[in-house]
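Have a look at the structure that comes next, please.
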Amino acid sequence: MTLSELAALTGGRLASGVDGSTVVRGVASLAEAAEGDITFLGSPQYRALLTTCNATVALVPADFAHVVPPFLIRCDNPAKAFAKVLEAFAPAPVELPRGIHPTAIIGRDVTLGSNVNIQAYAVIEDRAVIGNGTTIGAHAYIGQDVQIGDDCLFHPRVTIMHRCTVGHRAIFHSGVVIGTDGFGFEFQGGRHVKVPQNGIVVIGNDVEIGANTCVDRARFGRTTIGDGSKLDNMVQIGHNVRLGNHNILCAQVGIAGSVRLGSYVTIAGQVGINGHITIGDKSMIGGCSGVVKSVPPNAIYVGFPAVPAQEWKEQVVYMRQIGPIKKRLDIVEQLLRDSGKNPPSQT
Amino acid sequence: MTLSELAALTGGRLASGVDGSTVVRGVASLAEAAEGDITFLGSPQYRALLTTCNATVALVPADFAHVVPPFLIRCDNPAKAFAKVLEAFAPAPVELPRGIHPTAIIGRDVTLGSNVNIQAYAVIEDRAVIGNGTTIGAHAYIGQDVQIGDDCLFHPRVTIMHRCTVGHRAIFHSGVVIGTDGFGFEFQGGRHVKVPQNGIVVIGNDVEIGANTCVDRARFGRTTIGDGSKLDNMVQIGHNVRLGNHNILCAQVGIAGSVRLGSYVTIAGQVGINGHITIGDKSMIGGCSGVVKSVPPNAIYVGFPAVPAQEWKEQVVYMRQIGPIKKRLDIVEQLLRDSGKNPPSQT
Amino acid sequence: MTLSELAALTGGRLASGVDGSTVVRGVASLAEAAEGDITFLGSPQYRALLTTCNATVALVPADFAHVVPPFLIRCDNPAKAFAKVLEAFAPAPVELPRGIHPTAIIGRDVTLGSNVNIQAYAVIEDRAVIGNGTTIGAHAYIGQDVQIGDDCLFHPRVTIMHRCTVGHRAIFHSGVVIGTDGFGFEFQGGRHVKVPQNGIVVIGNDVEIGANTCVDRARFGRTTIGDGSKLDNMVQIGHNVRLGNHNILCAQVGIAGSVRLGSYVTIAGQVGINGHITIGDKSMIGGCSGVVKSVPPNAIYVGFPAVPAQEWKEQVVYMRQIGPIKKRLDIVEQLLRDSGKNPPSQT
């Protein structure tokens, strides 16, 4: 697109004297923009980045008064204007082959809805059910008696083990594994004997699951992921976990067996959650935390063991004060000693 | 099954006046049971859950005297009785296709035992050896010269790289990767130069490995996983690690290179273990810990850096006392100041 | 090889009276050497291991004067000599089938360089470009418009999503997933609505990526991995992360969105890095740390929240002193009380 076209698209004003026919080929953030890119100044705090920015043009607020390398388009709301630019530059959606690829292996008594796409080398085992408009990616493995809803998009190499169910509009990324055995053993005669894991995984509607994430099947009953929940990459969900609706679980989170999460919970990256506890509705757990006990609703917890965020911030400050406290105590004891008292001497 | 059949199966007593022909279709825990399910009260502490439970029937102790929504079957040991119910309701085991699927690719000089099952699109490279009764799942990759014992079950999409060996009765879940290169580089001339990883992985008998877990091959010699050890999902085992027998490693544990674990060790979820250290027999490491130094046998360590569990518990309590200590010290100093002493003033 | 041949290879001196025709079949470290192995004493601190070592022969320093079980070859630099032995014992490199396997699926308008090897059941989508001498492993998925450079080695089961680019000489291990959607949602009307992830991943030259590691595509623009960077297994790289050159990221590291790493950075295992921060050139982060704020160049940080290593070491020491400090303060307060002062009593 040309600068003139971009000014028109964003409802912005191109700085005077600029050649409106200059062509822009890509979009990028301030920090990574190169020649040929359009970028934007979302907040005055990033203004310094504009002075070293190689972008061809930048969207800036209407009252922006500085001289910087990129050409400028002034507009009322650069962030909103940039969203329009992003849409305009969005690549065409990927068009995968339609229908059932001749190399896909479809078992007996499989039920396929209308407009189902199954990519190369996918394996669909007996009695699986796949809903209307669903796409199963290359190298997928869909186990026996699995049920998948409508309009799902499974990227390449997704594994769903037998009898698990997935709702409508799921998006599963490459390497997802749903329904492997829960990790359960009984210690008998010096050996860990496998406890049968006969339950399933039940996944609601509008769930997105990131690359290489694992959800274990229940020992009996169900491991559940509620409607609208979003799991990032390499998340671990243990057996019999019950995840409510609209939860956000960031990358590398691990949730041990039988944990119950409410709804609208946010768990930041790498958090570990101990087995058999509850995280209440709308609570948030800060990244890298280890949650040992149940967390009430509407709380923010951080640390290991996780505590309310305010308490954790105090702990971090206090940690730096132990040294000074020790020195003050040394002086107090010396003063007492000088006045004939007798605190035990420290080494 | 009907309530009468369930009472007979468990040796329990159906509450009087209940219609014994009522049908139960599933098993579930107290917390997730729905209509049509049978559940059980394993401990009096969960009694409150019974009052909101939607199960059709619950197994309760013989002396249970409360009125709750589900029908009741009273029995001497509800937990043991429930185990029988679980068996009765266990789904039929999955029956995968027998023999060598026509799409499986078998290299030259591969040795297959009797009753080997190889599923669709598996690739078995030259000179691999697969023992009697072993099942290799769909999309598996078995590298050159790999040796796999008898009666193993590899779920779909397992990778075993060249020359690694696996004992008898292994269960590997989807996405397992055994024998990729250890992470070793030499810094030369401003670059990280790859150190050849020429060793292998040797896995004993009765080992279970969870989904997407990775075990690196040794730089030279062997990375070993001893008999009866169980690894959960997304565990990382570095090169030249030596894991003894009957260890339990929970999800997302990471063990750096050349660590030695004894036997009967338990490592809870997300623990990280520093390279080149030893964890003694029968020791346990609490979840989310970072182990920096070797741990003796029969110890329980927690925290980062991990310390004996008792010490960690004290630290957690002490952390909360730094604030109060500081306030007490302020007062002591003020008292001294009031009596003409001169501790330095605090800001 | 015989002991005489090994002495000649290493330029070492076989202890007198030893039968030089004794055959050695393998190499191993002191701790794991068995009969038939050659090992070496790299440092005097490991001497005790030699006394219990089952190796057939050990390389030791020229002045080594102790009597131990293995036969000895004395040499000037046992570590360097052992490197020669490792080379001599290195297994022949794996020879995979050459050319395009008949089961590989090659889309329309794919460009293949010379000497490209594509293994069984790989899927190469439309318009992908694969450079000279590159090997694509079995079960790979190479998306539409992906560009891969020369002399790359992709082990089995690598996924590269559409439009991502990889430089020359990349080594990707089994289960790598490049270019899945970044984890971005907008909260609208009680639901998390997916924010389109239209950017790509750009990977430089000489990059090695470990098993099951995931790199997310940018929201727009690029997620970049610089030249010579090495990522271990199960590392998570969020969207729009910019990784410089020659970085080392150990296993299970997680880097949240929009983080910028300089060059020659080392991140130890299981570290989590908060979104939108910067880690300066040549800095190191200790294992299991959680990095909350930006880290300057040439720094070493550890802990959660990560602080300079020296400060962290002090904190660890201080943690053990809170108990003693509390006891000392109790005594001080008692002394003051005894002399008629009145600090508040503690419970």
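Read from first to last, the chains carry the letters A, B and C; within each, the first residue is number 1.
The working rule: a contact is a pair of C-beta atoms (placed from the backbone, for glycine too) under 8 Å apart; a residue touches a chain by one contact, two chains touch by 3 or more.
All values derive from a computational prediction rather than experimental measurement.
In summary, the chains found to touch both chain B and chain C are A.
In the contact between chain A and chain C, the residue numbers used by both copies make up under half of all numbers at that interface. Per-chain CA centroids place chain A at a distance of 23 Å from chain C.
Within chain A, contacts with two or more other chains are made by residues 121, 139, 157, 175, 212, 234, 252, 270, 304, 319, 322, 325, 329, 332, 336. Per the touch definition, chain B reaches chain C in the complex via residues 105, 121, 123, 139, 141, 143-144, 157, 159, 161-163, 175, 177, 180-181, 183, 185, 190-192, 194, 196, 198, 212, 214, 216, 220-222, 224, 234, 236, 238, 240, 242, 252, 254, 256, 258, 260, 270, 272, 274, 290, 304-305, 311, 314-315, 318-319, 321-322, 325, 328-329, 331-332, 335-336, 339.
The touching residues of chain B, counted against chain A in their complex, run 26-29, 31-33, 37, 86, 89-91, 94, 96, 103, 119-121, 137-139, 155-157, 171, 173-175, 206, 208, 210-212, 228, 230, 232-234, 246, 248, 250-252, 269-270, 287-288, 303-304, 316, 319-320, 322-323, 325-326, 329, 332-333, 336, 341-344, 346.
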